[in-house]
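In what comes next, chain A is part of two complexes: it sits with chain B in the first one and with chain C in the second one.
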Partner chain A sequence: MNTKIFKSREFLLFAFIVLFSVLISFVNPKFLSYENFVDLLKSYTILGIFSLGVLLVLLSGGFDLSFTAIAQVVQYAVVYYFIAWAIDNVYVAIVASLLIGAMLGFVNGFIIYYYRITAIIVTIATNSIYIGFLYVVTNGDLLYDIPYSFSVLSDTKLFTVLNENGAEVGVCLATVLWLLMALGLHFFVSRTVLGRSIVALGGNALSAQRVGFNLRFTTLFIYTFVGSMAGFASLIQVSIFQSVVPNSMVGSELEVIAAVVLGGASVTGGRGTVLGTCLGVLLFAVLSNGMTLMKISPFFYEIFTGIVILISVTVNALQDIQRKRSQVRVQVEE
Partner chain B sequence: MLLKAEKITKRYGGVVALDQVDFDMVTGEIHGLVGVNGCGKSTLMKIIAGAEHQTAGKIYIDDVERAPYSPAEAMQYGIGIIYQDLSLFPNLSVYENIYLSKVIASGKKTISPKEFKAGIEEIVKSLGIELDLTANLGELPIAKQQLVAIIRALFNKSRLIILDEPTTALTGSEIANLFKILNSLKAQGISFIFISHKLPELLQVCDRITVFKDGHLINTFDNHQPLQQSEIERAMLGKEITYKKYPSTAGQDVVLKVSNLSLKNNFKDISFSLKKGEVLGIAGQLGSGRTELAMALFGAEPAQSGSIEVAGHQVSCSSIGKAVENGIAYVPEDRLNLGLVIDQSIRRNATLCSLRRLNTFAGLLDLNAYKELAANLMVELKVKFGRISNKISSLSGGNQQKVVLAKWLAIKPRILILDSPTVGIDVGAKSAIYETVHAKAQEGMAFLFISDELPELLSNCDRILVMGHGRIKEELATAGLTEAQLQEAIVRGGA
Partner chain C sequence: MEQQKRMPRIIRENQILLIVMVLVFFLMSALNGQRFFALDNIASMAYQLPILGCLAMGMMVAMLSGGINLAIIATANFNGIVIALVLQQIMGPENMAAAPLSVSLLAIAIAFVFSMLVGVINGLFISLLKIPDILVTLGTMTIIAGLNVALTSGYTISGFPKEILALGNGHLFGIPSSLLIFIFGCAVCSLLLNRTQFGSSLYMMGSNPKAARFSNINIVKVSVQQYMLSSFFAVLTSLVMIGQLNSVKASYADSYLLVSILAGFLGNVNPFGGFGKVCGMVISVIILQFISSGLNLMSVDSFMITAMWGMIIVVVVVIKGSWPKIAQVLKEKKTQQG
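And then the complex of A and B:
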């Protein structure tokens, strides 16, 4: 049992996070402080929430490249109307962003299920449509004067301590919400029939159908979930950055997918855990922060993202070949 | 009566897949189902399992008439089906694979992991097998996975379990083990429908055997009286084949010499030689390593050590491309998946191996030569077809197989490996294939002829290698050899 833990992907990720943190702290001793840690968590909360949606869709054997576009549209719509109608209530905003995100995700699921089109193609197309639509309607204008209450998500601090300057340091509410949602998703995929069905679906879709899964409901649910996670993440983003830039998240899809894949999820479906995903996000956070501290060009980060995806996919493929090779087909007499 | 199907008819558009079929199952029997591809047996099974609905006819379960039902309802009635691919989830644990379908059917929302443990362990124990419930299913060998599928069916309280070609991926000893389990479950009142194209297996394990042909139920044989394989063959194919002994056309020159060829978990120390114009048989049970040897010679799963000489020159068969360059070609057993591009035309399939030879100097396809080649091949192999641009799937199994053969003959290989080339095809096509083989052998082409059908081996081959446990066990000359003697040698060889 014990050896199983040490061999697991989660342990490996954890070890890497610790290793890199220690290495970075040699260059910059401030790195290993509570303050830096909660800051890091805060800036990666957006990626973390995106990654929960992406994990579920990858688990099911599906794919989604439109979630950042959904986030952009939701963010713009919510902020624009909340300013226009002078509604300054973050809780209403949360509900609105979840709902609009869910709707846009539902469209993906609908097309994927009813027209049996490959998810990657559908979501590349809807990504383009959502973003294009947003640019056309908004002319690319930015939004400022964000409703005041939105900052509750990023400014509320929990588990606070005082730093050496006497300022309060703590985990921001958004991060806590992310971790709570992660916990909820963990329960969902491990203990509910629908969650297990989604994992099983990713393992073998034909078997799932034969065993009597409700494929329609499951598909619609998955893409709706990704959409609502994207919507929620976009609200966190505006709360942290206090402005809406229509293309601020475009292009970060791959980073999210890389973090999830680094966390042990398989792009071919059926494999992945919530803990692994969160650790994958954390490892990404530590690495990018370390790169900044070591003054390495941020462009290397993009190269790194691509390499992570390639390596993860290759490793999975090699494992499959290895498994096939080692299968005993004939009991050979020695 | 556990199950009674009355005058079941199934039409797909204008095609009649089943025509007024009567079929029944009693409690505690193993009922074999045979027939060539497309004979209607799979359609009937899908109807019984609820995956398809009949166009006309009635089904009674426990003497109660049931309207066309869904797979989930079939499960409630106690009917389970185990498809050839097993329909399990490789990424989940054995334990979860067993209970998941039941939980889904029950409409429950959450899972308590310990709930089914005792019940499943009891089933495993009653079968007298070792099974790690926590293991990931994908890591188990196929035979174990199949047991998981059976346990899942039992856990779902199935009283009638349909097994679709359950032995195709199993070795001889695994098959024996499966039969032991089926028999013990039968004694407990579980019934099985056993679909297979391997008649010896059916004769060994079944109480009754039903033969389908062209959507009709031809006959149901009682296997309690001694039943002959030839009787079933006659029912399957319409008439009995008479095998004639082809004279040897083997020359003097050795065209293929294999020495100490080995591949871990596949075969070991294989040495033999094949002469020009010779038809060399390879016999052996499934899991004896015969198909694996063929795959290695063809470069699909290359050997790790040993040497292959073609016409006196040492060659490498490390890929299919290289094997083909060396003049080695292979007609696989699984015609539909490996032999043909099933959605493409007859012409495209027939010319598939020759495309490089049909290039013009500009690197484009010489369309006239392409069409001519396909047309000539159809004539040479006497393929019966409507239009050559029709999909290959429109042909009968026998004619499809002729096209597979034609595809390779077009590039004139030195050595052609035939793996069970006549499985599931009609008598006419069978003898046409034999004639083609011997016409080519006459011209000097050498053949490795792998088959389960002993009369076929005896009539076509000069010598037969008997394989078992990944090795060549015996070499037999066919002159004066009887079917019984060959059968004994194969059993001795084991798997």
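And then the complex of A and C:
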């Protein structure tokens, strides 16, 4: 039992995070303050929410490269119409963004399931369609004057303490929502029939079908879910940045996937945990925040990220090879 | 004799693609009239095609084994940046354009070695550790893109010697040299894939990896060669880009990454590996070029063109998927009438 925990992906990530934190705080003691930790979580909340959706897709053995495009479209549509119709209600906005995101994601799921095309091709195609049309329709114009109530998501602070300047510091509502959703997703994946069917689909689609899981519903659900997660993340993005830029999230999809993979999810499906994903996101957050605090040029951030990705997939692969070897040995003995 | 036998096969294998190409050509001609046929337009299409063409070809090589090379554009930019830096080191930062031929060749050779090294690293990680291609190349892409930014501090480096520029920008017997580079790349690739042991091993690895392993194919060697060939196309892309833009930058051609995968899909390359031919890819790249040039002539927004490329894929997917059903319905009708 004990050795199992130490060998687990989550423990490894946690150890890495602690190691980096200690290193960084030697150079800059500010790193270990509550204020910095809260900021760090806030700036990676968007990536965190994206990653929950992506985890589900990867678990099912699928792939999604269109979620940032979905997020951009949802964000623009919601904010544009909420300004035009002078609706200032964040709850309605949340429902709207979840619904529009779900619709756009459903299109992916529909094509992938009914036409049996690799998810990566379909989502690249829908990615270019969504982004292309978004630019054509909006001319790339930015939106300001965000409805006031949207800032509730990023300005509400929970678990507040006073810092040395007397200002209130606390975890922002969006971060709390992210962590709550992560908890919910954990129970969904491990305790519900639908959740298990997603993992089964990723493990072996044919066996999953024979056992009697409804693969059509599962596939459609997964891509719809990613879409709505993307929609929700985009609302938090606008709440934090207070402006809508049509290309602000384009190109970050690979970073999200990297974070999920770093968290131990396999791209071939069937393996991955919510805790691992959150720790993967956290590791990215610590890295980027730490490099800023250590005054390392931002140019090196990407190189470092790449090295971390390669190291983590290598460790994963080595563990896999080891596991396979031990499996073979068992078979021989029998 | 042999030539006669082979011609129909090329046509037979790419029937649908050829029909699509002709249809697109007529559609674009109908929409643009004379302007589409004009020599200017054909020349400019021939000039523009090689960048996407080379990238798509490099992507195809990776897709033949069921993989993907996300690092290809980063490698292309890296190659260009190494050329620029070597020139700057030897000639001094301001004096790059005055480099003699020997120095230019040296710079190109050094960059070539570095790019091949990237291919070797990709291939080794993928085959030795059995990590999915997409993850390895995601990692190397991030590292190389980061290196590119770090090496150039995010700036554009411009002012290349005219010998290097001629590679992407010149003309030989009235044909754009960039097109010649593309044709050269295709010929090399076609030879390697169809006439060598490497080629048949690669196709076999893609269609049935397990069988390939048991039939004494050196997977490590084939993977390394495969990604070196993929990187080779990145080198060609980089030479063409330097010629056409007279500069290098960390973020050039970023938007082509996904398009080159789409081109592969359109060109009948199976994303799971094992199937895909050079001529299918060439036709698919030509189709994409027809569309983008035609829409450009009609002064359609460039983002609309991006959207159109995506739409085409969806339409192709839907038609391919529904074709058996439609064919069945037609057959039933025929039998009913008969």
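By our rule, the second predicted complex is superposed on the first by the 296 of 334 C-alpha atoms of A that agree within 3 Å, B and C clash if a C-alpha of one lies under 4 Å from a C-alpha of the other, contacts with A are read in each partner's own complex, and residues count from 1 in each chain.
The rule is short, and it goes like this: contacts are C-beta pairs under 8 Å (C-beta built on N, C-alpha and C of every residue); 3 or more make two chains touch, one makes a residue touch a chain.
Not measured: the values here are computed from a predicted model.
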Which superposed partner A:A93 touches (first chain B, second chain C, both, neither): neither
Partner chain in contact with A:S326 - chain B first, chain C second, else both or neither: first
Contacts of A:T192 with chain B and chain C, given as first, second, both or neither: first
Residue contacts on chain A - larger count, chain B or chain C: C
First, second, both or neither for A:S207, with chain B first and chain C second: first
A:G270 touches, of chain B and chain C: first, second, both or neither? first
Which superposed partner A:C278 touches (first chain B, second chain C, both, neither): neither
Partner chain in contact with A:L310 - chain B first, chain C second, else both or neither: second
Touching residues (chain side chain A, partner chain C) in the complex: 65, 111, 114-118, 120-122, 124-129, 131-136, 251, 254, 257-258, 261, 266-268, 297, 299-307, 309-310, 313-314, 316-318, 320-321
Complex contacts: residues of chain B adjacent to chain A: 51, 70-72, 75, 83, 85-92, 96, 100-101, 103-105, 108-111, 113, 138-139, 141, 171, 173, 264-268, 287-289, 292, 468-471, 495
Chain A-touching residues of chain C, taken from the complex the two chains share: 68, 70, 125, 129-132, 134-136, 138-147, 149-150, 153-154, 254, 258-259, 261-262, 265, 271-272, 301, 303-311, 313-314, 317-318, 320-321
Residues of chain A that touch chain B when the two form their complex: 191-194, 196-197, 199-200, 202-204, 206-208, 210-213, 270-271, 323, 326-334
